[in-house]
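What follows is a pair of complexes built around chain A, which joins chain B in one and chain C in the other.
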Partner chain A sequence: MKAEHRESLANYLTALGDDELILAHRGSEWAGHAPILEEDIAFANLALDELGHASTWYRLAAELLNEDPERHPDALVFARPASEFRNVRMVELPNGDWAFSMLRQYLFDASEQIRLSALASSQYPGLAQAAAKIRTEELYHLRHTSAWVRRLGLGTQQSNRKMQAALDLLYPDALQLFAESASELELAQAGFVPQPDGLLVSWKSYVRQDLTASQLRIPDGEPSAPAGRSEHTPHLERLVADMQQVARLEAGVDW
Partner chain B sequence: MVTGQHPNLDRVWQALEEVKDPEIPVISIVELGLIRQVGYADGRLLITFSPSFIGCPALDVMKREVRLRLQQLGEASVEIKTVFSPPWTSDWITPAGREKLRGFGLAPPPPHGGDLTAVLQQAARCPYCDSQATDLKNSFGSTPCRSIYFCTSCVQPFEQFKPL
Partner chain C sequence: MRDTQWPRFQVFHQEHPDRPHTNAGAVHAPDAELALQNARDVFVRRPDCVSLWVVPADQILSLTAEEIEHTDLPPAPAGNGDSQRYLVFIKRTQVGSHEHVGAVAAASGPAALGEAVRRFGTADALVWWVVSESLIERTEAAEVGSLFGPAKDKPYRDQAFYHTTTLMRQIRGRPKQEP
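Here is the complex of A and B:
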């Protein structure tokens, strides 16, 4: 692989890891607060899975950059300023109500199924293998969150109204999941990652089917160009400060 | 170069059989199908390890335990290589391992031959009374590998080891 491809692919994987990590952090905030015990357990599990997936993407990035795969993920998570995270904004937003968190997790899980299916045929074997592996675990996520989207969409007037409000807020931001990043087209031409516009089309048609069946309406009007992954809301900085608080007490300590 | 017939291999496999899943202490990592290959290469002992659920914290505990056991055997140089391909599947849990799960109160994952979507439609079989009149209460349970069910025949909640 060319040196510039290595670096671009490492950046791509770090961004995927950042999406998983930040969403995992938000998911873990439901522990002890979810409306029912089962969902408390479910969100903790979803978060734990996403954290494991983040760590997998960071390790792959470390290999591409010739960094230590044991140390590099910790450095990315605990020593990086918020401004250097490359997650989409959707995952850093505060949890809001239950409908908002559930719908966000669903939109993300659907994007994962689409992306991982395509990444499973990456020309970079380590990436293809990790994607195929993670995809099997993600089947459980999508089964769970799509069932809840349907339950809440078709539930009561109140649950439908809350879900619609969440969708109106989240949908424009969710489009950022497949916004083309720097050098992504080059990576796609080399066969390392899929074409982002193809993924976006598949994801849209996938979620439209579920959302329509749940009596939810996709909001009209899309942003002409989604924000780049270096643009964040002020919420990220607070989240990262919280996440790094203990690690920063004593840098480099083993725990 | 991996040699298949190294005199220590039997002892190594025995030691690995002693390493249990810390959250399901009746089943070994060999019975779970987590160990794909064991062999010596250039004087090093190479263990090929296939993670079940990637985010499961018990995996690190099990890998630490493997190192410890093998050190006690006098293996000075051990490499544990994590592989994702082919991805771990619950079909690799051995028949003896399945029985141990059942005895522990965990419904063993039904074999699916790669069609996970189809097996997810099936009701789990109660580990206590063998009935399939069971309801899924939660896809997620006390560990990443468990779902929570309720058996309407013997009126008993139970957990299933998730098919993967």
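Here is the complex of A and C:
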């Protein structure tokens, strides 16, 4: 693989890892607070899976950069300033209500399903294998969250109203999941990653089907995908400060 | 005030294709589909599992060994009229769980209980459960990979994965700093 491809692919994977990590952190904030014990366990389960996936992407990035696969993920998570995270803004938003969190997790899970299916045939073997493995887990996530989207969408007037409000807020931001990143087209031409515009089309038609069947309306018009992954809301800084609190007590300590 | 608690479902899991389904405990869920998912999350975190069943707890008919001593069993069915299949579970030790032992055909739940006792005998049995097979929601063979596969291979769920020679221990072991 060409040197510039290695670096671009590492950046691509780090961004995917950041999406998973930040969403996992938000998911973990529900632990002990979900509306019912069984959902508390289920949601923590999903969050823990996303954390594991983040770790997988970071390790692959480390390989590409010839970094230590044990140390590099920790450095990314615990030593990077918030401004260097490359997650989409959707995942850093505060949890809001249960409808908001569930719908966000659903929109994300659907994007994972679409992206991982394509990444499973990446020309980079390590990436293809990881994608195939993670995809199996994500099938279950999607099954859980789409079941909830249906029930909340079709449940009561109140649950439908909350879901619609969440969708109106989240949908424009969710499009950022497939916004083309730097060098992504070159990586796609080399066969390492899929074409981003194709993924977006598949994702839109996938979620449209579920959301419409749940009596939810996709917001009018075609919201433009918001600016790049280096722009964040103020919420990310607080989240990262929280996440790095212990690690920053003493740099480099083994814990 | 209205009771907002979700109904309870009994969960049966199977650890190996050659082993019977065994009662794992119960979950609350608004419906059978979500009960199956909750069962997966609550009871299949790490152990081996090849199949899960859930059944509404209030649809299970139960009979204890003690009750059998004091009551007459419903008579054996006369013919094969309007019978349906009931699955039979038996608990054999106080600390044990109900284990799936087989099925009987009967026209009603009470008749199925009587038939279960006659068919599977009273030796070592403490509690019988029967439930109509039609009420059981089960995982399908095709789902085994996505539902249960991942739980087997998740080192990051183990505490040891984080090799936590904890920061706190180091801080505690450190000489006190002068203010």
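Here is the rule we use: the second predicted complex is superposed on the first by the 253 of 255 C-alpha atoms of A that agree within 3 Å, B and C clash if a C-alpha of one lies under 4 Å from a C-alpha of the other, contacts with A are read in each partner's own complex, and residues count from 1 in each chain.
Quick note on the criterion: a contact is a pair of C-beta atoms (placed from the backbone, for glycine too) under 8 Å apart; a residue touches a chain by one contact, two chains touch by 3 or more.
Because the structure is predicted, anything quoted here is derived from the model rather than measured.
Colleague: So if we stack both complexes on chain A, do chain B and chain C clash, or do they fit?
Modeller: On the shared chain A, the partners clash.
Colleague: After superposition on the shared chain, which partner residues are touched by A:I41: those of chain B (first), chain C (second), both, or neither?
Modeller: both
Colleague: Go through the superposed model and pick first if A:R151 touches only chain B, second if only chain C, both, or neither.
Modeller: second
Colleague: In the superposed arrangement, does A:L249 touch chain B (first), chain C (second), both or neither?
Modeller: The second partner, chain C, only.
Colleague: Going by the contact rule set out at the top, does A:L216 touch chain B (first), chain C (second), both, or neither?
Modeller: neither
Colleague: Pick one for A:E50: touches chain B only (first), chain C only (second), both, or neither.
Modeller: First partner only.
Colleague: A:A10 in the overlay: touching chain B, chain C, both, or neither? Say first, second, both or neither.
Modeller: Neither partner.
Colleague: Is A:L23 touching the first partner chain B, the second partner chain C, both, or neither of them?
Modeller: A:L23 contacts neither chain B nor chain C.
Colleague: Once chain A of both complexes is superposed, is A:Q129 in touch with chain B (first), chain C (second), both, or neither?
Modeller: Touch partner of A:Q129: chain B, not chain C.
Colleague: Hey, which part of chain B ends up inside chain C in the overlay, 38-46, 74-82 or 110-118?
Modeller: None of the options clash except 110-118.
Colleague: Under the contact definition given at the top, report the residues of chain A touching chain B in one complex and chain C in the other.
Modeller: Touching chain B in the first complex and chain C in the second, residues 38, 41-42, 45, 48-49, 51-52, 55, 136-137, 139-140, 143-144 of chain A appear in both lists.
Colleague: Residue numbers of chain A touching chain B in their complex, please.
Modeller: That would be residues 38, 41-42, 44-46, 48-53, 55-56, 125, 128-130, 132-134, 136-137, 139-140, 143-144 of chain A.
Colleague: Tell me, which parts of chain C touch chain A in their complex?
Modeller: Interface residues on chain C, with respect to chain A: 6, 27-30, 33-34, 37-38, 40-42, 45, 145-147, 149-150, 154, 156-157, 163-167, 170-171.
Colleague: Which positions of chain A touch chain C when the two form their complex?
Modeller: Those in contact with chain C are residues 36-39, 41-42, 45, 48-49, 51-52, 55, 136-137, 139-140, 143-144, 147, 151, 246, 249-250, 253-255.
Colleague: Which residues, counting only chain B, touch chain A once they are in their complex?
Modeller: 51, 53-57, 83-85, 87-89, 116-117, 120, 137-142, 144, 148, 162, 164
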